[in-house]
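Both complexes shown next keep chain A, but they swap its partner, so chain B is in the first and chain C is in the second.
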Partner chain A sequence: MANSNLPRRIIKETQRLLSEPAPGISASPSEDNMRYFNVMILGPTQSPYEGGVFKLELFLPEEYPMAAPKVRFLTKIYHPNIDKLGRICLDILKDKWSPALQIRTVLLSIQALLSAPNPDDPLSDNIAKHWKTNEAEAVETAKEWTRLYASGA
Partner chain B sequence: MGQSTSRRRDDHPQIRPSHQPHPLSSSSYSPPPPPPPPPPPPPNYIYPPYPPPCYPTRPSHPIPSPPQQFYTTGSYRYFARPTYPYPPIPPPANGRWVPPSSSSSSYLPPPPPPPPPLPHVEHEKAKTIKNYVNVHKDTIRLEEDESDKDQHLVSFTFDALVDGSITIHYFAKEEADCNFSGEYPDIMPVRVSFQKGVAQKFRQPSGTGIDLGFFPIDDLSKPSDGYAFPLVISAQASSQSLSVDEQQSQPDSAVRVQITLAVIEKKNGEPYRVKVIKQILWVEGERYELQELFGRSESEPEDDNSGQECVICMGEPRNTAVLPCRHVCMCSECAKALIAQSNKCPICRQPVEKLMEIKDKSGSL
Partner chain C sequence: MDSDEDMHDANGSESLEDDFYSEDMGMESDDGDADYDFGNEETDDDAEDINLHRQQNYTILSESDIHQRQEDDISRLSAVLSISRVAACILLRYYKWSVSTVHEEWFANEEHVRQVVGLLENPIDIPNVHELTCGICFETYPRNMISAAACGHPFCGACWRGYIGTSINDGPGCLVLRCPDPSCGAAIGQDMINKLATEEDKEKYARYLLRSYIEDNRKTKWCPAPGCEFAVDFEFGSGSNDVCCKCSYSFCWHCTEETHRPVDCGTVAKWILKNSAESENMNWILANSKPCPKCKRPIEKNQGCMHMTCTPPCKFEFCWLCLGTWSEHGERTGGFYACNRYEVAKQEGLYDESERRREMAKNSLERYTHYYERWATNQSSRQKALADLHSMQTEKLEKLSEKQSQPESQLKFIIEAWSQIVECRRVLKWTYAYGYYLPEHEHAKRQFFEYLQGEAESGLERLHQCAEKELQIYLEADSPMKEFNDFRTKLAGLTSVTRNYFENLVRALETGLKDVDSSNSQAACSQSSSSKSAYGKGSKGGKNKAARSGGPSRNSDDDWSCDRCTFFNPGSASTCQMCEHHQ
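Right after this comes the complex of A and B.
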């Protein structure tokens, strides 16, 4: 089984995530693969994603924590740094990864990214362009998508 | 290729920057711990060149061990390399450290830059040096002399494993062999003997203080010309109280002194405050500078959630300092694993030049 040699760090992180979850974030490991987490992030208040429940998947590769977790949005989201496949443009998931970071800090960073879209470093060119040319309209679209796809229903 | 070590970094594609850093990174999305200020720049002491420092070996200490004054324990500091006159600037990434176990620990000059510079990270064990007298630098105060309110007396807490003496110098500057001489001949240093004991309170005898109001604040709040410190506390272990063995082993260099260099600050209406700039240890003819380590808290007991575990495995205690940034965040195994694929400190991402494993007698930091 893939779970038999689970590093102690992953076990500890999992226990702490379950016993002391961060506000607005839940992460629980899959039953058949303890390196695969089902994640839910609530849209931050005063963001276009407020009221939304966003599902993500998080996978800890074999090299973790020397390599970053792989994280992807499963819920459709209108955000300049997230593309239509749910991939996230976030430096700490790439070259700025540090093994001192954890699942919890990664998810908090993603939650913060929802509060602060950054169209100057886009992953999704169209959305970023929309954001820069007409931010109010882009925010409306993001709210609309939140209602449509992230209502938690 | 006959590489002599396996510590050279393998190229790992995933640690190469893959795209432009996220512009938000430094503001909102970086990991929380802020990097500490870099170590202070080397001061401009100029001394004639000393012979290359070496790490002397000592016979074991027969003295019983109340609070072991290894600097790697008590206040979580480590000794910088013996400094002559001051810590050499760490060599560039392609420079080599000579391990202290060899007969000479002087630096080799950095080799000519090799075509592909491979970071080379030494992993060495910290040598512990016993300090017989330790002045707690955060406890140093200036108090008014009851018999003359204009005079200020120095007080502090200190630990002493042997008898010795404290000498207070004013406006003193360092000379060869860690001797200090005052700039003003009419202000005499004050010397007070003490007996061994832990957590002793020192208070300068009434009538021996100086009137700080006589000096402009500017003269008190910084070393004059970068040399003379307004307050120098020299805590010396008496060589007579060392065992016969130890005396014989160090005929010429029996002096062991901890020196605390401080400036004096005063804000409007507030009392004088002492600010320690650095501490030096003079042992067996070697000059060491004390530097703090980051990432260990003194107060919290060791337990699973105290944050004293290695940030990588979250299992073993932290016992390895990353140099030059001085973050203590890893156990030695994880530190070795880290530098096999990255040369960045996990906390501040500064390049790692050296790892130093720190252990006290019990095996943990």
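Right after this comes the complex of A and C.
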């Protein structure tokens, strides 16, 4: 596809992602579109997502790196900052984006978000409410979903 | 009412004006001031009031004025704090262009201020090596192709251009741009923009910076008139909220709606919201043709005043607003002006619940329609008058000066008349929003208000008609007419009388109709349950009677209206108190 004049930056980032992957994260470009990445993030230990394997897709728009990459969870996940379409509420994907950030930093931030859900800045009102009113129960549901949908089958 | 003051200024003959005041209101020349005011002690404060308004509490700024002020502020701050102009600009923008706030914060804790704003005290140079890698595109460049803010984080020219361009195209947020490195907060100032951005982006940035000086500053606003590029610097604490821009648009500083004195901002906001909610129902009102109430042929309204005359042979004269006979619209014929008031048709008989609800819904819409139509029609009438004033100033006055062999300096009274009409249409328009929200159960206030409004409105109709139709005769004349001097007296008189009516109306509404004291309201309520007759019951002396509320009724059948100027004179006067025309 339009891989012919891929910016040097994307090529360099891709090479580094493949040669020195961040722990618990894998990202590999699709064969027919070098701007589209298949991503896998392991649920962080000590989080309700521990033991889960979460699939995401990441796309680098034409304006990248002036504009942020587009990232979305493909695996169902019970998390106050992720909605049922897999969209993620994360500042660096929106107004806090900077062209000096990279795919790697974005994915590390998402991994950190799994360790530290933030129900005060929710994307999914119901889940956030659940988190705030009964955290223990919400965490149980998140674990349950991890078992059901992210067990890596 | 700033434009109103202008009219005072323009009038230039205070003594003449004073005469009109006392003659109009005092009627009997030996009767003094004692009983003509409506129990209103503020008459003497009036002059003071006007003086207060005269001290303009705002300044109109052109783009170059704004630029100059901004540059001056930046220069001064840069000198006081011994920092660069770029740094001074960043600081001022951060503290909403308040020089004093910057001073306070800076001298309280310079380090903290530097940190939040992103001004490094000790700039870091780009490493002194031959080649550097750009932090965005990861390409390697010779040192001279790399730029950095004070933090030294290196990026190449193309990436800077892209970074800055993206931010500028996102809007005014570009004014708080920081270094692209996410761990760094160094501010990117206008020097970097001018060095690194495209020409188009530099211009946009400069535009945002100028706008910020007006929009982020509590004391300044843009004139809201479409296409107007002036801004207003407003001094708080002084009287009026009204601002008159150099583009001639007048608006309320507080809510930026068109000037709405004497109605308050809250009422205006409610009314505008109501209008937009009802706009679909109300479109038909804005039509400019209605069937003649007598012969049913459609008559088009192409003049500003509400006095309509059907085409021959019908020639029926009627009121555009209520479709009633025009002859009932002035006290000249003994009628009482009541076109302004809304009356619910009395409901007789028994209704079942659903019928009553339907009836109520219909009434509430009818009631709104009544006020809305008058509001909207005065608005369009004002637009028309504004255009007429303009054509008067630009061409007709000159023509009239030729036709009547009068120097233009002697024709100022025509401009004054038209200016008065424009201002009165504006006030009258807003009094209909006021009337709509004046509670039904406040009978005395309502009646007093409707009386004042009716007086003002009928005066304005006479003035508007005179300026519009009678003037036409002199414009079309083949040779100078000796009647022109009478016309001058009449129009100047009507202008003055109308101004007086409107000043009363404005004053009364601004004081919340507080002049309606208990005795007054009792009198008003006990007079009649039919509101039409509350003040000046259907008699031609209506004006006098109400003007002396509480005083003995002294109008008799001898009272007469002047043929020439329509002024209403007491029977004791043998010549018109307005124009000295004989009865």
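Simple rule for what comes next: the second predicted complex is superposed on the first by the 152 of 153 C-alpha atoms of A that agree within 3 Å, B and C clash if a C-alpha of one lies under 4 Å from a C-alpha of the other, contacts with A are read in each partner's own complex, and residues count from 1 in each chain.
FYI, a contact is a pair of C-beta atoms (placed from the backbone, for glycine too) under 8 Å apart; a residue touches a chain by one contact, two chains touch by 3 or more.
Given the structure is predicted, the values throughout are model-derived calculations rather than measurements.
> Are chain B and chain C a fit on chain A, or do they clash, once the structures share the same frame?
In the superposition, chain B runs into chain C.
> According to the contact criterion defined above, which of chain B and chain C contacts more residues of chain A?
B
> Of the two partner chains, chain B (first) and chain C (second), which one does A:Ala116 touch, if any: first, second, both, or neither?
A:Ala116 sits against chain B, while chain C stays out of touch.
> Tell me the contact category for A:Arg147 with respect to chain B and chain C: first, second, both or neither.
neither
> Output check: A:Pro7 vs chain B and chain C. Expected answer is one of first, second, both, neither. What do you get?
both
> In the overlay, answer first, second, both or neither for which of chain B and chain C A:Lys94 touches.
first
> Which partner does A:Lys84 contact after superposing on A: first (chain B), second (chain C), both, neither?
In the superposed model, A:Lys84 contacts neither chain B nor chain C.
> Chain C: which of 199-207, 289-297 or 559-567 bumps into chain B?
The overlap with chain B comes from chain C residues 199-207.
> Using the superposition on A, tell me which residues of chain A are in contact with chain B and, in the other complex, with chain C.
The answer is residues 7-9, 12-13, 63, 65-67, 92, 96, 98-101, 105 of chain A.
> Can you name the residues of chain A that touch chain C in the complex?
Where chain A meets chain C, its residues are 7-9, 12-13, 63, 65-67, 92, 96, 98-101, 105.
> Which stretch or stretches of chain C touch chain A in the complex?
Interface residues on chain C, with respect to chain A: 135-139, 153, 155, 159, 162-163, 165-166, 180-182.
> Touching chain A in the complex: which residues of chain B?
The touching residues are 14-25, 28-33, 311-315, 329, 334, 337-338, 341-342, 344, 346-347, 349.
> Which of the residues in chain A end up touching chain B in this complex?
7-9, 12-13, 63, 65-68, 89-92, 94-101, 105, 109, 112-113, 116, 118, 120-121
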